[in-house]
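Order of writing sets the chain letters: A, B, C and D. Residues in each chain are counted from 1.
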Amino acid sequence: MDFSTIIAILDSALRLMTPLLLACLAGLYSERAGVFDIGLEGKMLMAAFTSASVAYVTGNVWLGLLAGIAGSLMLSLIHGLASITFRGNQLISGVAINFLAAGLTVLLGQKIFGLSGRTPSLEGGARFNAITLPFADSLRDVPVIGPIYSELISGHTILVYVAVLCVPLTWWVLYRTRFGLRLRAVGENPASVDTAGVSVTRMRYAAVAICGVLCGIAGAYLATGISAGFVKDMTAGRGYIALAALIFAKWRPWPALFATLLFGLMEAVSNRFPNLDLGFVTVPSMFMNALPYILTVIILAGFVGRAIPPRAGGEPYVKER
Amino acid sequence: DPALIFDLGGKFDKSFNEAAYVGAERWKAETGGTYKELEMQSEAQREQALRRLAETGANPIVMTGFAFGEVLGKIAPDYPDTKFVIIDMVVEQPNVQSVVFAEPEGSYLAGVMAAKASKSGTVSFVGGMDVPLIHKFECGYVQGVKATNPDAKVLINYTGTTPTAWNDPVKGGELVKAQISQGSDVVYAAAGGTGIGVLQAAADANILSIGVDSNQNHLHPGKVLTSMVKGVDNSVYDAFKAGADVAPGIKVMDLASGGVSVAMDDNNKPLVTPDMQAAVDAATKGIIDGTIKVHDYMTDNTCPVQ
Amino acid sequence: MDKMPRWADVILTPLISLFLAFAISALVILAIGESPVEALKIMVEGALGSSYGWGYTLYYTTNFVFTGLAVMVAYHAGLFNIGGEGQAMLGGLGVALVLLAVPWPHWSLALIGAMAAAALFGALWALIPAWLQARRGSHIVITTIMFNFIAAGLLNYMLVYVLRPQGSGDPASASFPPATHLPKLYDMALAMGFEWGKNTPANISLFIAIAACVLIWLLIWRTRLGYEIRAFGKSEPAALYAGISPVRITVLAMLISGALAGLMAINNVMGEAERLVLNAAEGAGFIGIAVALMGRNHPFGIFLAALLFGFLYQGGLELALWANIPRELIVVIQALVILFTGALDNMVRMPLERLFLSIRRKRGA
Amino acid sequence: MTAGPGAENATPAIELRGISKAFGPVQANKGINLSVPRGTIHGIIGENGAGKSTLMSILYGFYRPDSGEILIGGKPIAITDSQTAIRAGIGMVFQHFKLVQNFTVLENIILGAEEGPMLKTSLGRARAELKRLADEYELQVDPDAPIEELSVGHQQRVEILKALYRRADILILDEPTGVLTPAEADHLFRILRGLRDEGKTIILITHKLREIMEITDNVSVMRRGEMVTSVKTAETNPAQLAELMVGRKVLLRVDKAPAQPGAPVLEVRGLRMVDADGVERLRGIDLDIRAGEIVGIAGVAGNGQTQLLEILGGFPEAGAKLSGEVRLKGEVLALKGSDARARRRAGIGHVPEDRQVEGLIMDFTAWENAAFGYHDAPEFQNGPLMDNAAIRADAVGKIERFDVRPPNPDLAAKNFSGGNQQKIVVAREVERNPDLLLIGQPTRGVDIGAIEFIHKRIVELRDAGRAVLLVSVELDEIMALSDRIAVMFDGRIMGERLPDQATATDLGCLMAGVEPDGDAAAAMQAHDRTGAAR
């Protein structure tokens, strides 16, 4: 494998990582606050749809992004109502949200565009375009650093950088701010937050809302960043992979970056080498397609110990039984 | 009234099912008739849908996709007065018309054009799922490429193994980018909704792409080299038009009958050089008169060239 | 000590929730410009109005009972098995291999063989995640998700390169020999002298599903293993204190869970398609999660929830057939039903509790 | 009612008028009136489930009352949440601590009382303030230690510091001594007196009448949700309080005949245990217990008692390495892995230290719990199924004999009060008539009525010729029940005493890891150092 191949694979891995990372961080906020969320998939899907629709209609991708966030937030609100206000089962609520998004996106899309859940393709200002970082062109020919900077680091859509910046930001919020302290506390022992005079409900809603915003960005990235329009079910299970990455990362921001990058990398590698020829036998494409999942299991079994979720996770906060 | 049943992909897959829909709509616009349509949601509904439509007197009943083959073979004898048309599969029953397309022939032409258009000598293919039908496309394409440029390299990717493989434009786009990084400058997509991402990524990267099933040239004018068009719309239109008098038997839609073709229109006119056009014409002629034999992957599950 | 009578909790709450779900669905139907009354009529008539509709409703119900029970058994052991889908696919593979490889003389023997194979394959597919969880601490939610993808790849490979008959373009196995075809409910009704459910796929598996409900109920609430599964699921330290081995329970519960999910294959693969197709499980494994949670992880509740989902599936097709309503509407209705009966149930229960309390107070005073 | 010291101030610090609170059908508080003068320590006692915690939680804004009025410093105030209570100068140390286990002490203290949105400034200021408070009130804790690594005593200090950090004038402590050693309790009381002398008002809930008599100025008794009486402590006595509380006469002393030890039942030789983190938790334990005797193990929590009980009970923590020899009635017990089932079959009964986490499945019914651990006993089987009728019948008998209240076998364990939960566990283990009974913290958080009962059962078991290993942090309990006392410190047995020869100071020194002849100050320091469990 030569250098440029490695750069190309890493470049692809970065793009594939982005939606996973955003969704993973989204889940991190929610679950760190004690609200489990298997509805990441649905929220991303809804956001992908609303962002693509609004971007298409207005021709402005930024409005699309806002719409994506709004669409995802709407589902977050439902999740909050179910799991915080009405102390419902968080898993059921998540499952319902995934179904709801799968159905509503197509239903609405059909009603609006008549293309059975597809939006027309986005063009020009209706999608995020790649950004060339300063000096990317002039540095291109510098050995090693050049390609790394101008091909790998430069030339992504803004949301890729946003996603990566969200990692230190999340770390900082979580461990360096009052909000983060309370957020982590509410996921570990909500009673401690309550008796300290802070509203558990408000904290959890805030976390669920942040989750919605990040899922919204993730969905918008899928529909307006990495591709150009919405196709039904286009999240294709990425919400579940993000969830897996979250557990993999043990609910911590930097490991979340690592975990999602690993998933992106494995997918990029299997994209690059679709038919591995081992000489005596050619590995079928199915195996290469499944390889990221197989590797995940192996890594999990071999290198990652027990993942302990936030102690109060999944349980509604009940004072009076 | 006639009826049309779409396979699991849904009617607006921008591809195969959608072509059928277009044909039906054309019939509706021309004749002012009405027809019943149905989208499948689960495997068990196939038989149910066929029976329900047959029992309500729909005639003929047209269905898209090989997956109906088994069920149709089972239920057709129960409704001898109803005519069925199945696309992409042969069902030997006295009241069934089987429409099969010579995808390898059309794909061969696409391969010829790709090889002519490629400057790098590397072209590529993105398939939805690794299933025999898609191998037919792939194999015909590779044959066309190799016949035109024996030294050409063809990169092949399949999207996935779950139904989402047909609806994953993100992955489609990434696959093209991976292929581009290996030098490909023409990509042929046979991947349903995923193909939309393929064409988009190709257009973004300024390489050429080839659409499938319907004419997709207009999606990115000047960037889609051509589309390997299956005349599904014509078949549906013809069946609807014939009504209850649809002729049973096998209807092979090949190059000769105009059942498959490579789309040439204003959108791709600037891309088709005279040299390319000549090569396509020559190949077409060869295939029709039998001097060029395009191997069908399905006959022996192998492809003569790789 | 209860806040309201049991009947109100078990019957009234879900009914009101269901009503709310349908009320909102009606709004959605209105919004896309169709008549909700008409739609409801079509759904109810199509799914429950004839033996034909029932035949299909019960066929889907059977699938969901198996996957719902699978999720339930694991859930009682504190394990969240998202892998029902993959386990059901593998069950289908087991059924296909056994039915195609062995010349079965009679369907009854074939059924036993197929059940064994389906259960075995499903169980084995659950065993690896179970073992990894028990021994290596790998989170079962991740591993079962991964195993769904791996199962899809495996099935894809088997159907395209191994089981597909030469020359067939369909990524599916050959049809199973007629001797292995299961009796449909229609045949059984005919044998008893009446006509019921002609041309519907509901088959003898329904009774196996019902039997499974009873057996699983017995297992969980009447056997030592069930007691230990429940105890372990509620508290691992307590289980250790009582001498219950976490490894043993994790593995056993997942084996049973996987076997149940695999058993679904006798209904859809053996009973309906009579061959193995690529998309055999069709998301029933995921529906099973909703069914189990909505059924409150009790076999009886699961049966009712499965029936509800069977009704939605069958009613949904009828809706698509007779009204100009896209199939996705059904997905939305399913979502609303899951949401209101499963997650927002306290929205109904809380005011009801208050109501019953005040009634009781008044009576007490 | 009359006021204690500082009575010159006429307006009481706290006044509750007609407070009522129902949890669904359960009336936890009924029209409660209470007045606490400023600068006093006010005790509240009552049976398990009498409503003490509920009342205090209302005062702290954790629950909202259904009706009634609260006056702080004479002014009516609507306490809608804990924030309002904190602003009104109320601080509370809950029965079950409200600490975030994986946060540091400092983080727990500033939680909810941060200054500004950035943690850094808050932490800096809190660190300084904490040092001041710690020095002033002798409440030393390592500000950077995670809570989960602290002993319960230190965790409680953190809770008190939390309240003081928020400048509480009124401090509520709900059963603070339930988890403390006598030395720790003494220390706490010294602090409380200091606070009172500063003019702060303290409410103290406890089940221990000795403490009421020792430290409170006034005492109120609650029964079944109602305030039965409030009196000056000096004007009452333990027997009277006990009777008011339970509604009958209570025997406050354990009544037992001298032990008649028989053949050795348990012989432990050189038992060592290294946990998964590589820390040596047991450093060579030698211990004998004979039939017909109770051996009590005294010691500060976290010195290896838990590990000893778990190993003998057959479920050492995962990854632990064990060595040494354990014999039961002469038979060597295998020390490998976890097999509590085999231990039960061999004749070891076990009342675990934490009934809610280990001893019971809180969501199971009482009758299911009554067979927990013995669910595989032959008499509970019916072919391949369990004989639920037999289990239930057996449970009904136990509930009756042990006076579990309410006597409803179908109620989930979590719906019983702590004392009654404990009775279910004790009934289950004692009625099996084991050769050896391991029993940890048998009466933690249990009211005096139930304590009397449980103690009686333990002695009866001994008198029936069984061996009992009792682990408790309550020195009183150890002294009252044991026929021999062993003191554990840092994974070793420091020494053995006979109860009639041992004094509290003597045992206290051993518990602090100091031979009794060493000087007392060193003992106290050593004790402080070992406060952190790890």
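Rule of thumb we're sticking to: a residue touches a chain if its C-beta (ideal position, glycine included) is under 8 Å from a C-beta of that chain, and two chains touch if they have at least 3 such contacts.
Everything quoted here is computed from the prediction, not taken from an experiment.
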Query: What pair of chains has the most C-beta pairs in contact?
result: A-C
- prompt: Whole-Å distance, subunit C centre to subunit D centre, using C-alpha means?
  reply: 46
Field: Separation of subunit B from subunit C, taking each centre as the mean of its C-alpha atoms, in whole Å
entry: 36
Task: State, to the nearest whole Å, the distance from the C-alpha centre of subunit A to the C-alpha centre of subunit C.
output: 29
Field: Chain centre separation (subunit A, subunit B; CA means) in Å
entry: 34
- prompt: Which residues of subunit A are in contact with two or more other chains?
  reply: 116-117, 237, 284, 286, 289-290
Field: Multi-partner residues of subunit D (each touching 2 or more other chains)
entry: 24
- prompt: Tell me, which residues of subunit C touch at least two other chains?
  reply: 149, 152-153, 156-157, 160, 326, 330
Task: Sort out which chains touch which and give me every pair.
output: A-B, A-C, A-D, B-C, C-D
Field: Partner subunit C, residues of subunit A touching it in the complex
entry: 78, 81-83, 86-93, 95-100, 102-104, 106-107, 110-111, 116-117, 237, 240-241, 243-244, 247-248, 284, 286-287, 289-290, 293-294, 296-297, 300-302, 304-307
Field: subunit B - residues contacting subunit C, complex
entry: 8, 36, 38-39, 41-45, 47-49, 51-53, 66-67, 69-70, 88-89, 129-133, 136, 160-163, 298-301
Task: Give every residue of subunit A touching subunit D within the complex, in rising order.
output: 175-182, 184-185, 188-189, 191-199, 311, 319-321
Message: If we count contacts the way the header does, which residues on subunit C are in touch with subunit A in the complex?
response: 28, 31-32, 80, 82, 128, 132, 136-139, 141-143, 145-147, 149-150, 152-154, 156-157, 160-161, 286, 289-290, 293-294, 326, 328-336, 338-339, 342-347, 350
- line: In the complex, subunit A touches subunit B at residues 4-5, 8-9, 11-12, 15-16, 19, 115-118, 121, 222, 226-229, 231-234, 236-237, 267-268, 271-272, 274-275, 284-286, 289-290
